[in-house]
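For reference, the structure I am asking about is given below.
Chain IDs A, B, C, D, E, F, G, H, I and J follow the sequence of writing; residue 1 opens each chain.
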C-alpha cells in the first residue's frame, strides 16, 4: 500500500543552508533502502515536505522526523493512499525556491508570505505543485 | 480564507478621469499592505470592481468603499470563498474600456448599455471576464 | 432577462424576394431601437426566424409578427431564457440558402424538403445552426 | 408532438368575474375538440395560463388568445416539448386563488405582489405549481 | 432578482437585551415595506443575520446596517442569488439561543465557542441551519 | 480548520485494562481544554483511535501520542479536513468490543483477526464505523 | 442474448374478439417451446405487442408475425438487448383495456385516440407501462 | 421521426457479386423516392446493412427485405430513433471489404470470422463503424 | 486484499447428492483455516460457486478445485477485488434450489434451463443473487 | 463473449531464456487455432501474462497453464468481459523488459522490485500498460 504524506514544520532558530544540506544528505542515503521518495522545500524558516512510499515505511520515517529537534510544529497537511507515486525518480528532491515570488504567494494566501499553517492542505498542495512545476527540482535523483 | 467580491456602483455627478486616477492611486498605495488584489472598470458613470484577498481584509475595505461619497448604489454582484486568486499580480488593475462596443454589450444585455443593476451577478461576471480577456489590463502590477 | 425565440411560418402565395427584402429592411430599421437581434431564413416558401432580446421586447415583436398577413401557420419551435446572445452582431442577418442541399436536408428530415412542422424544435435548431455555420450570414450587421 | 406553454397577460380595465367565466366557458367548449388541456389563474388583474396539447393546436390557439382584446401584454413565460401532459384531466381548470397569501408571494418575489413580468419563467412555474398543489383546482374536468 | 445574504458582526460593549429588542422592533417595522425577510441570532456578543429580498433592497439595507455603530467587524459570510426564500414568513425572526450547547458548537468549531470569523461561510450556514432547525424561531412573523 | 485523524498502534507487552483506563482518564481530562473529541478501541493488543479537532491541536496531540512508550508501530490510517465532527459529544468515547465477532472481522479481512496494518484505511474506517454503529459507545461524554 | 421488441400494427377489417383469442391461443401454445414471453394489447383496431426472448427466437417470430395477413403496417417501436425480462411469467399475457380512458390517452397523445404511429417509441412504452401497471394482465401465465 | 436500423442476414447459396450488384441497383433506384439512406456490407456470405429514414418508410422496407428469398436468418442487431442521419449522402453505399483482415475481426470476435449472430448489436456496430472509417465507402451517393 | 470469485462447472456423470455432501463437508473443514467463505449451488448437473477471501488463498483453492476430477469445464464468470465480503458468515453455504422455477430461469435466460455458459457473468451473478435472496441458504455457518 | 485475463506466477528455479522461448513458441503455434491473443512479460523470475479471447477458450487455456509445472503461485490479477481486444494483432507478444528501471518500479510499488503479489490488480495493469507503451512489443504477430 503506497501513501503520500505532506507536512509543514518550522525550523528552530539558527537553521540554515548547512542544516538543510545535512538533512538532504541523510535523506538521500537512507530513503532508497526503505523505498521512500519525495521532495523538500525550505523557505522563510518553513519546511514543506512530501514523502511517498509504503505505508509503514512512511509512518516510521514520519514519526522519526516529527521527533527531530531541528524543527517544531510539525503538522500534517495531507495524507492519502495512492495508486502511483508522483516523485518516483527522487530519493529526496530539493525545490529551488528562487521562483517563489510575491504574486505566486498571493495567489494562494491572504498575504505575500509562505504560511501553510493558515490554509487548507489542498491549497498548500496546489502551491507546492505550482512550485514544483515552475521551479526545477534540484539534485540528482 | 480567501474571498473574491464583485460589486457595481454609480459615480456621483462630476466624477471623471481625475477622480478615477485618484482612486487607483489610493488603491495601489493601500492594497498591498493588506494583501488585496483586483481590477477596476469605469464606464458610462458605472464602476465594476473585483476585490480579492483575506476575508476580513476584503470586508473591511468593502465597508469603507461602500461609504465613500464618490459613488452611490453600491451593490454586491458576486461573493465567494476561493482557492486561488485570479488577479494575484495586480494591486489594482484598470480595465481599458476602449473595447466595450455595442455587440459586446448586447451579447449580455437587453439594450446596448452597461447596466449591471439589470442582470444577474453571473452575467456581469461573464461580461467582465470577456472584457478582461479581450481588453488588456492597464497599469503596472 | 434575455430570451431566444425560434419560429417557423409559411409565406402566403406570391411572397418572393421583394417581400423578403421589405421585411429585412423593416427589421433592420426597427430592431436596433428595441434591442432585438437575430437571423432570418427563407426557403421553399417557409420562414425560419430567430429573435433574441429582452423578454418583453421579443414578445411584443413576436405578437406583431404572428399577426402579419404576409405569412400564416406561425408556430413556435423553441423559446428559452439565455445568459448571452448568439447573434449580438446582427440586427437581422439573412441566411444565404444556396448551401441548403439534399444531403443536409435528409440529415435531419424524413424526406429532402425543409419541413420544420414535421420535426421537433431541437432538430430545427440543429439544422438551422448547421446552415448558419456553413452558409455565411448575409447583410451588414 | 406535445408541448406545454405558459404565458402571463394583464386583463384590460373592467375585466372581472363575468369575463373570467365567459373565457372558461369558451375554453371548456372549444378545447376538447382540438385536444387542448390546461389550467388558468386570475389574480390582481393578471392572467397566468398553461396550455398543453399538440404543437400546432397550441400555437393556433395561442395566436388567437394573443390577439384577444380582453387582455394585453401577453408574454410567454415557458414553452417546451413534453413527453406527457400534467393536466390531462382538465379541458381548462381554474385555480382557486384564495390560498395566495403574502408569504407565498414573498417566497418567489421581491415584494408581496403577483408579478410574473419581473421574474424568470422557471420561478413563475414554481409559484404556479405551488398554487396548483395547495389550492384545489376548481371546475369539472 | 432575489438574494440571500448572511453576515456576522460583534456587538459593541454594553449591547444587551434592550438593544437587541430595539433592533428587532426596527426590523419588523421597516422590513415589510421593502420586502425583506430573515432571521437574527445573538449570542456571546456576536450577531449572525440572514437577510433575504430583492437585490437592491438587501444591499441598501446591508450598507445601512454595516454603518450602524451598535456593532463592528461586520463581515459577509455568504451571498447568493436564490430562486426562492427560506424565511418568507418572518419579517425578522429571532433565533432562541437556549439550545446552543457545547456539543453543537464543537460539531462545527475547533473550540466550544461561537466564532463565525474562524470558519468558512458554508460552515456557519450549516451551524445556523441546525440552530434554526432545532431551536424554534421566536416572534410573530 | 477541523480535521479527523485515525491511526492504529500495537500496545507494548503487558498493556491491559489498567493502562487502558489510565489512558482514557488522561484523555477525558486533557482533551476538553484543547477541543479534541474522539473514540478509542482496544482489542487483541491493537489500538484504533479517531481524533477530531482543530488541525494544530490534533497534530500536537498526535505527535505526543506517537511518542508514548505504551505502544509502538503507530501508523496513520486516515486523515482529512472535515466540515463537521462525528463525535462532538465524546471527549474520548470507548468502544465496547464485545460485539467484535468472527463474521464481522472476516467481512473486512482475509482472516478472522483485527489487523488494520493489512488493509487500507478506508476498510479500517468501515470496520470501525460498523463497530461504532452496532456496539454502543461506553463512557460518559 | 435476450432482447425485448415492441411493435404496433393495424388489424385488417373484420378482426375482432375471435381472431384475438385465436392469436392468443396460438401464442400460448408455441411461445413456451421457443422461450418467448410477452404481453399483447388490442384496442381500436390497433395491436401493441411486446416480445421477449433469445435474439434469434424473437427475430424468427417477428418476421413470421410481420407477414401475418391478419394485420398490416407492422412497425417496430422499440428494440433492445436486455439483462432480464419483465414478463418472464407470461407466455403471452393479455392487457385488459377497460382502463384505457380519455385522460390516459390524452396524457401521452395530441388527441384522445390510441395512435402509436404518431408518437416516439419511448412514449408508447410509457403508455404501455401505465396500462400494464393499472390494468391487470389477463390470462394464465 | 427518423430511425436507424441495422440487421444481419445470410445470403442463400449461390449469391455472389451479380446478386449484390442487383440489390445495390434496386436500392439506389428505390431508396431516394422514400427518403431512405444507408450502407451495405457483404462478406463471407453475410450481409450487414444499415437503413436510415422515416420510421414508417424504414419499417415498410425492412419488412419487404426480411421476406426477400435471396437471404435468410434476417436478424435485427440495433434499432433506434435518431436526431440526425449518419449516411445522409448515400442512397445505399457499399462498404469496400478489402480492409477486413484477421486482426480487425479478432478485435471484436472470438475467432477470425465475421459472425454478427454471435455478438451483441453494439459490438457489430463498433466493427461496422471501424470498417466504414477505415475502408472507403464505394459507389456514388 | 480480499477478492470474490464466481465460476461455473459441469459435474461429471454420476455426481449426485453424496458427492455434493462430501464436497460441502470438505469445504466446511478446510475453508475456515484459510479464511475462505462462500456459497455453492448445484442444479441440473451444474455447479455455481462463489469464493471470497484473501487473493492468494482464493487462487490456491481455485487452482485445486479447477483440477478436481469430479467436474469439468470449470469456467470463471466473475472475479473482483472487494472492500467487504457478502458471505462472511458461511464457511460454505448451500443454496436451496427448490425455488429455482421456470419463470426465474426465463427471467435471465433464453430458455428455461440453468446455463451459465450461455450468458455474461453479470447475468449469472444477478440470477445467483436472486436465488440467494429468495431461497434460504442451507447449512450452519 | 470476449474476456481479458491477467495473472502472475513465479517461474520454478532454473527457468531461463530457453524455457521462455519454448513457451512463446508453443503459444504462437497453438493460440491462433483457438482465437487467443495476448502478451507475456518475464522479469526477475516472475511471469505476467494477459490472455484475450472467447471466454471458454481463455478458461480452458488458463486451467492448462495453471497446472504447468514450469511455474507456481499462479494468481489471477484481473478478469473481465470486454467489448474489444487490446492485443488483437499478437498471438503472443513478448514485452521487452530492458525498459523496466528503478523509477518505473517505484512508481507503482513500495520497493524497487517487480512484485505483483503485493499490489492490487489495477496497479499491476497500470504498470503493465506503461511497460507495453514504452517498451516495444517484441516478436512477429
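As a working rule, contacts are C-beta pairs under 8 Å (C-beta built on N, C-alpha and C of every residue); 3 or more make two chains touch, one makes a residue touch a chain.
Computed from a predicted structure; not experimentally measured.
Chains that touch both chain B and chain J: A. Mostly differing positions are employed by chain E and chain F in their mutual contact, as under half of the interface residue numbers are shared between these two copies. Of the two interfaces, C-H and B-E, the higher number of touching C-beta pairs belongs to B-E. Rounded to whole angstrom units, the spacing between the C-alpha centres of chain A and chain H is 61. With centres defined as mean CA coordinates, chain B is found 38 Å away from chain A.
A straight line joining the Cα centres of chain B and chain I is 68 Å long.
Multi-chain contact residues of chain I (touching two or more other chains): 1, 122. Taken as a graph of touching chains, this assembly fits none of the simple shapes: it is neither a line, a ring, a star nor a complete graph.
Contacting chain pairs in the structure are A-B, A-F, A-J, B-C, B-E, C-D, C-H, D-E, D-G, E-F, F-I, G-H, G-I, H-J, I-J. Interface of chain B with chain A (complex): residues 1-2, 35, 37, 53-54, 57, 83-85, 88-89, 141. On chain A, the positions that touch chain B within their shared complex are 103-104, 106-112, 122-123, 126. Within the complex, the chain A residues that touch chain F are 1, 3, 5, 55-56, 59, 62-63, 66-67, 73-76, 78-79, 81, 117, 120-122.
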